[in-house]
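Consider the two complexes below, in which chain A is the common component and chain B and chain C are the respective partners.
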Partner chain A sequence: MAMRIPPLLEPYLRLPPESSLIVLTHVLGASTNWLVQRYLCSLLGNPGRGVANENDQHATADKECSVVLVSFMRDYGFWKEGAGRLGLDLDALSQKRRFSFVDGLSQLFTGASGDGSRAKSRDASGQRVLQSSTLQDLRSVVSQALAERTTRDVVLILDNPDLLLSAAGSEMTAQAVRETLLDLRETVSSTIVTLAVDEPLVSAQTTSLEKEQASLVLSLAHEAELLLSLRLLDTGTARDVSGVLRVTHGGASTGLASEERELLYFVGGDGGTRVFERGQ
Partner chain B sequence: MPPSAQAHSRSHALLLLQKLLNLRDSASPLTLVLDTLEQSGRPVIREFIARAKVSKSKVLYVSLATLRKPAGVDVFVKARGKSADALRAEIVSHYPSGAPGHAHKVLVVVDTLNPLCASAPSQLPHLLSSLITGPAVSLVALYHADVPVVLPRSFGEYEPHPLTVLCHLATAILRVGSLYQAIKRKEARDRSLQEPEWGINEGREGVLIGLKGREKLSKEDGDGLVVEMEVRRRSGRSVGEKFVLVPGENMSLASKIALLSDHPKFKEPAGDDGGAGDEGEDAETTFSLGLTEKQRRDREGIVLPYFDAQTDIGAGEGGRILYEMGREDDFDDEEDEI
Partner chain C sequence: MSFRKRNTVINTSATATATQTKPENVSAPGVRPSPHDGRSTTSTGTASLDSLLAGHSGLPLGTSLLVEEHGTTDFAGVLLRYCAAEGLVQGHQVHMLGMHEGWRAELPGVSTDSKTSSKSETSASDKMKIAWRYESLGSVGAPRDTPQKSINASSGSGTFCHSFDLTKRLSPVDVKGQIGFHPTMSMPSLTRQPQGLSSSPFKVFLGDIAVKLANAPPSGVHRVLVPNLLSPTLYSSSACRPEEVLQFLHGLRALLRQYPSKLVALITLPLSLYPRTSGLTRWMEHLCDGVLELIPLQLDPVHAPPPDAKSESKSEEKTQGLLKVHSLPIYHEKGGGGTEGHTGEDMAFSLSRSRGLIIKPFVLPPMLEDEEKEKNPASTTSSIDF
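Moving on to the complex of A and B:
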């Protein structure tokens, strides 16, 4: 399983330090989905455990961590399939209470108003579903999911919470999203957030949507330990390179990443990913 | 400038920054630290806290974006979701009570002002000034200059931006920047090239923070940062200077502060160049173009005629024009022109 994780990325994919925030940014065409899957794989995959460790249940329970994934862009099927390709069975992990999924996509805008029979707080596979696009709902559903976890270290992964800014109406402010995130961060050991940083969303900063998005992205970057930014190649497209991964310290870095660097990555048709240095 | 005056202004500026960082004699009640993603202002905040610890001040940390109590902080105040009044009451309640004569010094650190600017832009100046209850209280606040503030709808169209108000209120402003980037900018400037940009201004979609580059700064620079200081005196005069701050490895190690102009990469090469230039001139001409000491003194003694003309001779008759006709001057009668 270790082979599934690109060796160059391993130092960044390990369990982040206590109460830290890791921000993954993406642009159109350079999605962070593969990176989130690698995070799942690295956090949930069994680290080559020996027989001695098997006997000592407590030691392994301490080392293990569980993950709560909140996705606003993809449903459970997508993540299950992606993780399955990496040899990770999310259903089994849910059974073991090491993984839970909060679906922020399928009923986000239909759940509350829809008829009671259709709207369910859990879908067919037993995963939680967000039924309204309010922060209170997000907070309570995620807290419930967090309460079920049994391990000491819980990593919260939020996939595109910035969707709320653009889709949940004008009452949703970056400030409120940030505060909700801080409240949630207090209850978990570390948090990983993916955000869109396409140029029109972050650089222009004229309309209130642009300002809100830029405000959220930049203030989270200021609070982050580590920033992994994906973007397309500066020189155009290539057959064997999908994009560039830039690793930089966030504003609140404590020195997890010793070096700031840029790597190239390639996501193949089968979901296999290669990460390599320039010129390799 | 003569070297002695230069040395004087240098030590004066350094002392001023030391005084500011040590919070001596209520040097600055409200210090604003402006940072960007390229260089976090946290090292400066840590420096303030470390020095406050040494001088046994009480350190209050008002957190709007921090989860854990940083090292060296006495009281950690969670400010998230609290109204301005509740926040003020909570902070002030932590001030040490004592006889006003020998009150303990208090350092109040606000980890970021941006959320307050967005949620209560009109109350912010009042909140900050009401926190400074006396000369023993110093407030140091961090503001992320690159994070846009989304102002509430109720905020008046003609009211100034909260940052503008903050900059007016602050008695000292420290703008931090990356030393690496400052060096690169200087190198570009010296070659009359366009100055490079980093991060969001880099012009690459998807980049938020610039790379520090492969080549590392020298050992003693470590992760140094450029601090641009602007201190407003009580008279209103402001003193500005740029420094290099190299934070210590941990809380106990002292950090190094030097003027940016003293940094090896920023030193004016004027001294060496000027010397070389003089030698070159001397070699090219057989004339002595310099002045002897006596010639220089004589030259300084001369009073030029237009200075003489400006001395008031009474009865409002200052400002004569002294003109003596020379032989070659042609006197034209004004009446000729009629």
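Moving on to the complex of A and C:
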């Protein structure tokens, strides 16, 4: 367990406080995938194992939560493989109704033109598929997925909802995406969102695409409890460091992050991750 | 244990390619398991590019590569032609977006000339036949400018990456695969009715590929090649709206994930029209698995290393540009780290007649003696003054 979840990150990867929003940001070359996988592992893994003696059976059962993962950039196979490396069987968890996946990749823009046989709201493994790039569809599909969860605490993870904003066209606004997110947040205990914050996307703000992206990122950062930002090393690349992880208070912080800090991380070829302070 | 397992894989793949009986992925021509993690890879047609791809020694199936290029040169187009030629020689299906039938005549031909130094190379490749999985591992520390001769078997059926000759043209004898052209701008005709929403060239193209992939036999490999994405000579202004191209790339990504053992994609993008500082380009980069940036240099004496006349006076050894690696397939999706990946050193490329684009670490050449002599007087006078 300690190997799978880096000790320095453990306080942030726990079940977030009620109605909180956690924003994970990434840039090209420093993806948040490993961090989302660690979140899945921390939220869905057996919570009693690490602190077995302190909690009785009732408390551990109470701590169980379920996760709904909406991914716009990656397919289920990727998450399944990544979680499998951490000892998490997503198939079994979805049968136990503790995990469900909403596929925002495979038919988001091609579903409408596909023929009837291909267009299915659920694929073979029972995962939901988003078939149109409208917010109504997103809202209804995610709500259905949320309704099936049995535990009290449900964590919603949205992987790159900003893609929807950028690719769906001019009728989609950051305001609308944020409102939809707010509606969805009302029904879950906490939400984790990954966003792209590359410099061209948020700093220039000349085209409407950049403006909308910056607007979404900034407003979500203000609503967030905690920000985990990944970026590449400022000084170039190194063999034993993949990038920098910066922990910051969000605009609506309640004190989950006691201090702001910068850590280095390294993702090995086998998927194992090390997080360490500078100079360690 | 692990050695034994690898050995069996070699045997099965060798026999399968020879007999063409097993309908497995491994048996598809031009496909081999990655020495890094065993996933199926196929060659881009450029050996030095294959060796750059994060230890996989090839482009992993189900991934895409975006090659961006500054300026008006067409080095990325060379990569694309080699990829198309390699696909055709291996018997893959090639899908071209935006080019017309005449592009086929520009493909380089399979190199047949045997050099004087080929004796040592073949003996080396015979050794590699025994342990070809380690061949790229061995070349990680070594300079990358020597292209890997992958299993250069005498039969030729097991060749992973052919060598092409830019001066020749691909002869129809070597072509085993099929190439399909999907023009993006049709001639304006009054007879054909516009097809409503699906008249966007991107959507038509994706639909065509999806149908072909669904109906194709399970072992075939398909290559999607998109040259000069969004270039105004190929795409009408309506196709250049951000949502059009982002939806196309997202749809292509979906197809790649849907057929992870069948499809690869190579896309080139003119950076002078769509600079990397724009948000649109960055989203396109996010939607592709690997991103390379080519920066051609002006061939003036400031940048180009001086021709080393003594050792090798080949003009093809000149550095013609710099190459930046922004992300690599699989490697950066996992998080980016490990010994297999890009080491962060500056890469340079040069175009060679016989070996295509050669990507190698960029090194400043040693200063020549006459240059030192030119500089020495100044230094000696200063030292005298001191």
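Please note the rule applied: the second predicted complex is superposed on the first by the 266 of 280 C-alpha atoms of A that agree within 3 Å, B and C clash if a C-alpha of one lies under 4 Å from a C-alpha of the other, contacts with A are read in each partner's own complex, and residues count from 1 in each chain.
Throughout what follows, contacts are C-beta pairs under 8 Å (C-beta built on N, C-alpha and C of every residue); 3 or more make two chains touch, one makes a residue touch a chain.
Quick caveat: nothing in here was measured; it's all calculated off a predicted structure.
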item: Simultaneous placement of chain C and chain B on chain A, clash or fit; value: fit
item: Chain B versus chain C as contact partner of A:Thr254, first or second or both or neither; value: neither
item: Touching partner for A:Thr150 - first (chain B), second (chain C), both, neither; value: neither
item: Partner chain(s) touched by A:Asp198 [first = chain B, second = chain C, both, neither]; value: both
item: Chain B versus chain C as contact partner of A:His222, first or second or both or neither; value: first
item: First (chain B), second (chain C), both or neither touched by A:Ala30; value: both
item: Touching partner for A:Gln95 - first (chain B), second (chain C), both, neither; value: neither
item: Which of chain B and chain C A:Leu182 touches, first, second, both or neither; value: first
item: Chain C, chain A and chain B - angle at the middle CA centre, rounded to the nearest 10 degrees; value: 110
item: Which of chain B and chain C A:Gln107 touches, first, second, both or neither; value: second
item: Contacts of A:Ala174 with chain B and chain C, given as first, second, both or neither; value: first
item: Where chain B and chain C come nearest after superposition, their Cα distance in Å; value: 12
item: Common interface residues of chain A - those touching chain B in one complex and chain C in the other; value: 30, 198-199
item: Chain C-touching residues of chain A, taken from the complex the two chains share; value: 28-31, 33-34, 73-75, 77-78, 82, 105-110, 113-114, 118, 133, 163, 166-170, 196, 198-201, 204, 206-207, 209-210, 213, 236-239, 241-243, 265-271, 273
item: Sites on chain B touched by chain A in the complex; value: 35, 37, 40, 42, 65-68, 80-81, 112, 114-115, 118-119, 144, 146-150, 200, 204-212
item: For the chain A and chain B complex, residues of the former touching the latter; value: 18-19, 25-27, 30, 173-175, 178-179, 182-183, 185-186, 197-199, 202-203, 205, 208, 211-212, 214-215, 217-219, 221-223, 227, 229-232, 234, 246, 248-253, 260-262
item: Residues on chain C engaged by chain A in the complex (per definition of touch); value: 36-37, 55, 197-198, 203, 206-207, 210, 214, 241-243, 246-247, 250-251, 253-255, 257-258, 260, 276-283, 285-287, 291, 326-327, 332-344
